[in-house]
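What follows is a pair of complexes built around chain A, which joins chain B in one and chain C in the other.
Up next, the complex of A and B:
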């Protein structure tokens, strides 16, 4: 016989459970996004001629409405998350890397170490940087191994289980010390000096002889980060045709694709890079970082793999601005005309070359300032140290040398009792001036910019 | 006591790579209604480059900025580009786009010439029209010409081109050569307040006059300059990555690595120095990096003007400025004659 009471009770329970289930169920229709579908186009975008218009940006509307899809906003079915283990030691030989415990951790789908990467090196001029260090650690932010897991947290937890045995080597942090012959060689070269530039113009000795006054000063600058709002981020999806598609925050996709092809030993046409709207670059996203690593993790797992740097990754492993040590010696006439300048730049090149050669080149060419210096001698050196990688950053060495040559200029002006504006106008490049490299300069407006900025400032009327 | 001071920072900066090839390529496709699609391999990194590039294509085709849709940064779809680096996008990519648009325009001219009864070289593209030079009343809407080109003449108006700035390699011994095609120039002036009891520096005001050739979009140039000043300010006064004796970073986070916020920003007046570079697209050069170059120099010179101390090592933190002020006071002290 059916127990009516029990049946009723049972049904009630089912109803209750169903209600709970309904409450928990996610809405099948996504919430409506309230943004205007009919848009007013800013008049400046509709004007002809187009040049000189204060045209608004189409991406500005998307940013303002939160509609821009950065890498972190993108999800693909079955996507995994990758994290990278950092060395934590500045200089060491890697004796062994054991990822077996990490592989057993919950959610972990794959791991990767440097020796599994077909060509484990990259770099725009010297390919001296490993994607994941497999033999030697050269700075504390060097990546050692990568883990792909179902969630970011699982990947992070698994990193803790990676066992690395190091044989520590003496570090060298000071570039001047690293230049000396008996310093430990970070890349097994004859010297830690890995790039140098010289610019010679006129007769420096004669220039100093002709000078009424000689000024000397050493200037130094610090290491800084780009700090883009969006950290380095990318997603790799390896497909059944053996092609890999990368969504990436790279700022130069054509050359990035060639670099990735080189590291993966793949034809270039099997790699597709789609760069999203990048949330700030400033030079820091000019080269590949994790793209080959997550490509291989995607190949291993058959799933899309995403890697987004934490702010700490961004600081310790991505490129930074080169610290400079700059020695300036300038000979001037008593009227304040620069007659000779000698500059020595020592550029703290960090653990790997990256964009240092370009930085050194620009810094040495620009180091005399926007001034006519007939007798010039610039020597510039880039030196390996066991510190964070230094690379491209807004200005490629120019902010460093500008700080030096402009501070030096005011030192000279103060000593000679000349107005800072006057001494600059007296020495400034004109149309047709010859640059430190002997190039005839055109469309030169140094004096115009000096006059314009000081007039706007109210330089002459300004009082303390 | 609070001291006020003023300082100048003046600079020059090259556009593009140092004596190395750095080409860009572009494709411009004019649609049947006279709007166009621009394909470029450069990446929008937040600076507004795609808008500027659209303006360059629009100018060449005689249409408005909004008539150009930009497809960018997909290696499967867009042509090669050396990338958003070295302040080269407006100048190098811009020149490639101008040439590509010129090629597409040439097809439109060749199609329009018989319609207007003139030679192609007598035509110009202005205000969404293809018209006979000096005879604005003899014109056709660009849409009519584009439609005719594609569906009647079977000549879709598509143009592709590339550009590489001409440079001359540098002599390895003396560095002599022509490493860059062109340079920009700029000056920034700073007004600061320095507290001689704490060493704190407050930047009150900055004026900035930048040369970028033709300002294709003055609003975006101003944005670059203001952003550059904020970066320069951080470099001058606050930002520094610190390491311990083991080479580990001490402040890899935004709590201890101090960046300028809106509260640190001075009032800024921006001027664009009028200039025209015949080698740039419509006279344009570039503006990205130079905006961050002279700020630190201007601020440190203003500190010198305010309290008479020369900061020789960046950043000019309060500690460093105060130490320099104390050192200066010590060196200025004259020993009193010994008491008798």
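Up next, the complex of A and C:
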């Protein structure tokens, strides 16, 4: 005898299961992409020469369609999300880091602290920056520990369970103060000055003696963050062959690969970096950040690990533009000709070196401006402070000094009653001029460009 | 978990997400629409702009549950199999997109603006896009792109800009 009730129950269960199955299936239907797949390409022989033609960016179409895949748009099976705990104090000794509570949080698969990284230091010129601080915190954005969890939210929640005991040290925020002999030494060196450059040309003393007027002024610039629209992002996958594959927003992948090999103490050929479309770099993505950390988290968990900086991470822990303190002293003749210039640049280097040496060099060479200065003395110093790391940003120090020497030029022109354009034309480089470092310049068109530009935008009318 | 049914780009979609999930996270991670980007996640940058019932919203500030039963249009829903959307075409032609990260948000904000069908000046366009940040272009090309698209779609003209204005 058939049990009618049981049969009905069974059918109902099957119906329910089917419905659940349908529900589950819905989101997994692949998206249809509605856009034309063919493009117009002129036949090879009919293509016009490139010069003089209006060019469009080859990637512009994908960007506009929303089809470009940045790191955060990539998902791999089993992928975990990593987040980094930031110090929040400017200068401190780390007494202890306890991640045991964080490891018990739901979804957490692994944690990592600095002492677990084979070589916990990196940097393009000086290797003075830890990937995760394990002894001393030198700025508030220093990473302390990393967590990999199933979702981003779980990783963020687990960060709050990490207990760090600090012994706070006095911070140093002013670069001038940091230069003094009795200042607290941030890196335990003899001095906080970690790079310097001097340029001497001609006879500065004689130049000032010959001058009719001497002008002096201090110029300062502030710290600037790149704020790329896409935050730093990378995905690491450590495979069973002991190789690691990284998708990264890193701009300099070859350099980054060498740095990663060094920190992980493994041969460079076992590291593969796939560079993707970068959502804005501006110099801020020129060195490794979290790549070795997530590689090790991937090694621990056996899953791909993605780490995308939060906007807060981006502001407090990624590199920034160096704030400069620039002292200019310029001797001029009464006609307005520059006879001597003395420049002292103090470059606030932040907690770690990064690209500071490059920045300092370029700033020093360009600090006299595009002007003939026969007697020149430039002293430039890069100084550690317990502030956000300063590194490469478009121009490598050139915009800071440009602000200073052009403002100084306007001051001099106003004081002497000379037209701002005239004083520049009088002093500008010309064919065969020699640069502050003695390079003889060719194809010099500074004056021509100035004249043409002022004519085009109507400088004379603007002056009225 | 919260069950959500909504219409995205003309198709009904369902998802079951934790209650704190934003519309942006749900679109990107549960429904695979990665066109809207996470730039700041706090409503400052506009990279996540999508249209909800025709209005431009920051998808990172709207909970997925708030979009339940609504019609959402993302960048993926603009073009058709035969034709690019005029805004996408204009942005490409004038090279308004460099790194492209702000692009989908800019284009959706532009669409919301042009859909209002009102007379536009350059200043009004600047105002309307003030919630969308771009770090590459300096905005000039983007505004040129909006004007180009607006003139093609509506047949109206945007008054030429005063050369003395900043």
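Just so it is clear, the second predicted complex is superposed on the first by the 421 of 464 C-alpha atoms of A that agree within 3 Å, B and C clash if a C-alpha of one lies under 4 Å from a C-alpha of the other, contacts with A are read in each partner's own complex, and residues count from 1 in each chain.
Throughout what follows, a contact is a pair of C-beta atoms (placed from the backbone, for glycine too) under 8 Å apart; a residue touches a chain by one contact, two chains touch by 3 or more.
Just so it is clear, the structure is predicted and the values come from calculations on it, not from any experiment.
In the superposed pair of complexes, A:69 makes contact with chain C only, with no contact to chain B.
When the two structures are aligned on the shared chain, A:394 is found in touch with chain B, with no touch to chain C.
Residue contacts after overlaying the shared chain place A:286 against chain B, while chain C stays out of touching range. Of the two partner chains, both chain B and chain C are touched by A:311. Once the two complexes are laid over each other on the shared chain, residue contacts for A:402 go to chain B alone; chain C is not touched.
After overlaying the two complexes on the shared chain, residue contacts for A:320 are found with chain B alone; chain C is out of touch. In the superposition on chain A, A:277 makes contact with both chain B and chain C. With both structures placed on the common chain, the touch criterion links A:57 to chain B and to chain C. Contacts of A:153 after superposition: chain C is touched, whereas chain B is not reached.
Measured by the number of chain A residues touched, the leading partner among chain B and chain C is B. Residues 55-57, 59, 227, 277-282, 311 of chain A touch chain B in one complex and chain C in the other. Taken in their complex, chain A has these residues touching chain C: 23, 26-27, 30-31, 33-36, 55-57, 59-70, 72-73, 75, 153, 226-231, 277-282, 308, 310-311.
Those residues of chain C that touch chain A in the shared complex are 9, 13-15, 18, 20, 28-42, 44-45, 47, 74-84, 87-89, 91-93, 95-104, 107, 133-136. Every residue of chain B that touches chain A in the complex is listed here, in rising order: 3-14, 17-19, 41, 43-46, 48, 50-51, 54-56, 58-59, 62-66, 72-76, 80-86, 126-128, 170, 172-180, 182-183, 185-189, 191, 205, 207-211, 213-220, 228, 231-232, 234-236, 239-241, 243, 246-249, 251-254, 257, 259, 269, 271, 273-278, 282, 285, 288-290, 292-298, 300-301, 304, 306, 310-315.
Interface of chain A with chain B (complex): residues 41, 44-59, 88-91, 139-141, 171, 173, 197-201, 217-225, 227, 250-257, 271-283, 285-286, 311-312, 314-316, 320-321, 358, 361-362, 364-366, 369-370, 378, 386-388, 392, 394-396, 398-399, 402-403, 405-407, 410-411, 414, 420-421, 424, 428-429, 435-439, 441-446, 448-450, 452-454, 456-457, 459, 462, 464.
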